[in-house]
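You will see two complexes here that share subunit A, one where it goes with subunit B and one where it goes with subunit C.
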Partner chain A sequence: MSMSEESFIESTLRGFARAFSKALISEQAASQPGLLQSFDPRVRLVGVMGLAISTVLCRKLAVIAALMVLAILLAIASRLSVWSLARRVWFAVLGFTGLIALPAVFITPGSRIVLAPVLHLSISASGVRTAALLVLRVETTATLTTVLVLCTPWAHILRALRSLRMPAEIVTMLAMTHRYVFLLIETANQMFESRLSRTVGKLTGPEKRRMTARTAGVLLSKSVELSHEVYLAMLSRGFDGEVRVLNDFRLKAHDYLGLTGFACAAGLAIWMGR
Partner chain B sequence: MTETSTPAFEVNDITFDYEGIPAIRGLSLRIEKGERVALLGANGSGKSTLLRILDGLCFPTTGSVSFAGNPLTPESLRRNGYALTFRRQAALVFQNPDVQLFNPTVFDEIAYGPLQLRWSKEDILRRVGETLALMGISHLKERPSYRLSGGEKKRVALASVLVLNPEVLLLDEPTVTLDPRSQSQLVDLIQQWKGTGKTVVTATHQLDIVEDIADRILVMEAGTVIAAGTPSEILADHALLLRANLVHAHRHAHGNIVHSHPHRHPHSHDV
Partner chain C sequence: MHIPDGYLSPSTCVTLYAFATSGWYTALKRVRRRLATRMIPLISVFAAFSFVVMMFNVPLPGGTTGHALGVTVAAIVLGPSGSILAVSIALAIQALFFGDGGITTLGANCFNMAIVGSIVAFGVYRLMAGRSEAGARRRALAAGIAGYVSINVAALVTAFELGIQPSLFHDASGVPLYAPYPLHVAIPAMMIGHLTFAGLAEAVISAGMVSYLQSCDIGLLRGIGDFPGVPSSGNFGESSLPVRLWGIVGLFMLCTPLGILAVGAAWGEWSSADLANPAMRAHIAAASGNYPPPATVPAGLQKLSAIWTAPFPGYAPRFVKSATFGYVLSAMFGVGLLLLAAMVATKIVKKTRKQESRP
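Entry: the complex of A and B
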């Protein structure tokens, strides 16, 4: 590790702070007025998921590109920052999926369009198309789901999932995972802060690794202890193995209109992208 | 209250240990219905464990516990009807609010108990609204727990139990992490329950609130009750408080003479 020991601890702390600020930004985006925010959470969930599924089913690049444009328009109409989407989703997806799709450019049989310099590998038209299809598909579905998550408070997504008959056990697991990830981040943050306040001089590479391993170990044992305590707290308030969730959503005319719009767009994309 | 009436809790000679480490030893007590009792003891004296046993969350290795005349055992709580009745009547506020806040938002948290106890939707919405207002946390309704301060978490944890309006309230260090104003509001709330028939058992080591929240004090040390009495009797017994680690010997000098005496921080109006 080339970082100084101070920057090692501080950069970890900055990482924790980033996680919290991202959650805060998501909450702010979800609470501001916008197109997607104006729909019932169930409409948002079904509509955006419908578009994502139609993206996966599409085989034509132009149709997927149109869905991507639709996703960007949805983001703009919902007052999300396109630059923030690019940083959160597009660059990361391009790096990751691009790496996976890259070999397809060279190994997919088809008419050669260019010979790659140095490596002397031929690039086929069908290879480029396959790679572009994969990258664009992942970019579009990732953009759609990010727009959904940014425009909908986590609690509403969970309630919408439950009202759409997702098993209560799965919804509860998702809710508790989200809740306690933050608690454990907070705990880890305090551990690193306490370490920072007592660190004088340089830490060697092995010491940094030991510190990270110890933190992970302590967090693991804390999470085991916490899970037992949480279970007791649930029992104390009447948990009997069955999860019950309050559903107070009501669909309005505007929601039906939105749902029809999503259904038309998804249906048209599937039909045109056959 | 008479000796022959059925007590809220009757605990007979119980022991409990955590993987071989004794937490409760030969403890017996009786808590009458409508009584306000404070379990006073230093950290590690067994107060929290006793509250968990009274809430049917863990069970003694030996001895017996009964609630309203019915045995409180794993078998009895496995019967759905009895479990539901017991959970409707008794509720525990945990010392660490983080273990109690496992729902996505404050609203969901407070609605959790009523939902599990199968209240109607209308009742849940009404009672949750009332409880939010009572605890002064209506503005936090849609907030996730990780965005609450320590004091706010404690208030929400309390609200999540108060919404059930239980006959028996078990409070584990309820004033810890609360600011002075919130502490005083909570003490006022417990004082309001006096004479309403609610049984309130509060575990605490804060001497300055026990006179307000309890009619009887049980002093605990090393997993057993070492003394019982009214708040004025217990608070006047400095030797007992010193033995139970509830006060410390304050060492100071008057000129050349250094001496020490038991020391506590009383209410401002006591001074």
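Entry: the complex of A and C
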């Protein structure tokens, strides 16, 4: 976590660039023709969420592994790059959850299977099972949710949420937040870049903290002003507090087939994984 | 602090979704009443702001950096209800659009960071700021302390949720099915990072932003429009606070039967009967790193345990057969006793003050 003098600005800028790149990849993947993309967004949302919930409910490693295989097949059939999925999800989860699960291999009580040559650490069968359950479960749910996010445009997720009875106000706020997230990232990006281009020499610790807090403060002032402008624009268009959302989805035979497939897979996994 | 999918059992996720939903419902009702048609643009833009602030690398003393949550400034400017909504929406966008943080655990994450974080941040800031002027230095310090405390309380709640998983959800052979570490491992592991980096990052950004607002945009510290914020005088626009507090106390009382879910006795709270019971002895040894309890009940423990017999042993009066009802009854009795004690204390304090104010 140690940072060179100015690199905290650069690492924040890199974070912003990553968010833009993620959003771009998501929009591109969602517009490609593929299995998941061909279903109605409600079927996608309910189906993939059903598989994720069944993964959390499963207690058997083999069944969770089968769900992981199903998630990978779903990604391939939806024309997603397995390599980018591996980089975006699998390695990231392994690096975080794998590290968290590692001590459990040694400290979980149970019958010893191997005695590690260093520090007299013993590896127990229960420990390996505990760690494997956690890592595989997290990998599978993360793969499923990423496949859903990559194959569904944000507007479709929102409309699916609305048709699944989520309050219209919440759906509208999610939509507007998404829109302004990118505007504010762009604003913060410009502020950091302009500060970086004017920074000569080394900043002291307090100066860096003051600078970050001031940037966040200016962003807050700009956000509040933006909200006033947005509100006035909404009023000018006749906004009266009532939210109306379009809901023009129609389920076709293909969607019913997909929904049945998801329901069968999730039901079977829950039954077999008890 | 974002819990990914797979770390919490389905029943924990459902319980925390239920808690979060009640928080969202109350917050939405309050914010809608105060802001009316301004609610949607203000909360949306503020949620976007919270999302972006979470991406800032905050430089910390010692040359490291940490990420802040931004919940403290949201609670100070919007009040706890607005902050609950804005931070929850930011967390939902992270989970649903960017795939960061779980979807089954979204309720838990919103409960920990948005609800607990906002309420604690607002409470501590209000307590520390007192009735000082909006531009007083005390307010920046109060914001820093509120940031530090709120992040650490939220982390503690998260650690508790993770730490109860192995004892409540394991298979027949005792293998944990979800987060594998018990409370005595989960709490220190979670708190070390938050007491140092994350708490400090939130303190730095909160104090720094309040200090900036004091010099450049002080209006925001007095609240937005008809939103109360934390005023320097007068009431807090919280006339219905006691009613809500009663509601929260009632909700917690109804939740007390959750204690029945816990298997065995709490560590270190064993009775002399527990130490004499072979099955319980095995459980105590397993919970103590396979260190067996003493062969006989310690004489001091046996002697002292006979001094006092509780009126409600095991959280249920003897005449009550249902454990659930017994828990609720015990909660009502306990809360009643505390209220009685508080009323007596208040009367004594008021009487003393009256006597002091007399010439």
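FYI, the second predicted complex is superposed on the first by the 224 of 274 C-alpha atoms of A that agree within 3 Å, B and C clash if a C-alpha of one lies under 4 Å from a C-alpha of the other, contacts with A are read in each partner's own complex, and residues count from 1 in each chain.
We adopt the following convention: contacts are C-beta pairs under 8 Å (C-beta built on N, C-alpha and C of every residue); 3 or more make two chains touch, one makes a residue touch a chain.
No experiment lies behind these values; they were computed from the predicted model shown.
In the superposed pair of complexes, A:Ala155 makes contact with subunit B only, with no contact to subunit C. Residue contacts after overlaying the shared chain place A:Arg237 against subunit B, while subunit C stays out of touching range.
In the overlay built on the shared chain, the residue A:His178 is in contact with subunit B and with subunit C. With both structures placed on the common chain, the touch criterion links A:Leu226 to subunit B and to subunit C.
Look at A:Leu121: by the touch rule set out above, it reaches neither subunit B nor subunit C. Subunit A is touched at more residues by one of its partners, and among subunit B and subunit C that partner is C.
The interface of subunit A with subunit B overlaps its interface with subunit C at residues 23, 154, 176, 178-180, 183, 226, 230, 234-235, 239-240. Here subunit A touches subunit C in the complex through residues 1-3, 8-9, 11-12, 15-16, 19, 22-23, 26, 49, 52-53, 55-57, 59, 88-89, 93, 96-97, 101, 103-104, 107-110, 126, 129-131, 133-134, 137-138, 140-142, 145-146, 149, 154, 157, 167, 169-170, 172-174, 176-181, 183-185, 188, 205, 208-210, 212-221, 223-224, 226-228, 230-231, 234-235, 239-241, 243, going by the rule given at the top. Contact residues on subunit C toward subunit A in their complex (touch as defined above): 4-7, 9-10, 13, 28, 32, 36-49, 51-53, 55-61, 63-66, 70, 73, 77, 85, 89-90, 92-93, 95-99, 102-104, 171, 173-181, 185, 197, 204-205, 207-209, 211-213, 216-217, 220, 224, 286, 290. Within the complex, the subunit B residues that touch subunit A are 52, 55, 57-58, 80, 83-84, 87-88, 91-92, 94, 96, 98-105, 108, 111-113, 115-118, 121, 124-125, 142, 144-147, 160-161, 164.
Across the interface of their complex, subunit B is touched by residues 20, 23-24, 27, 153-155, 158, 175-176, 178-180, 182-183, 186, 226, 229-230, 232-240, 244-246, 248 of subunit A.
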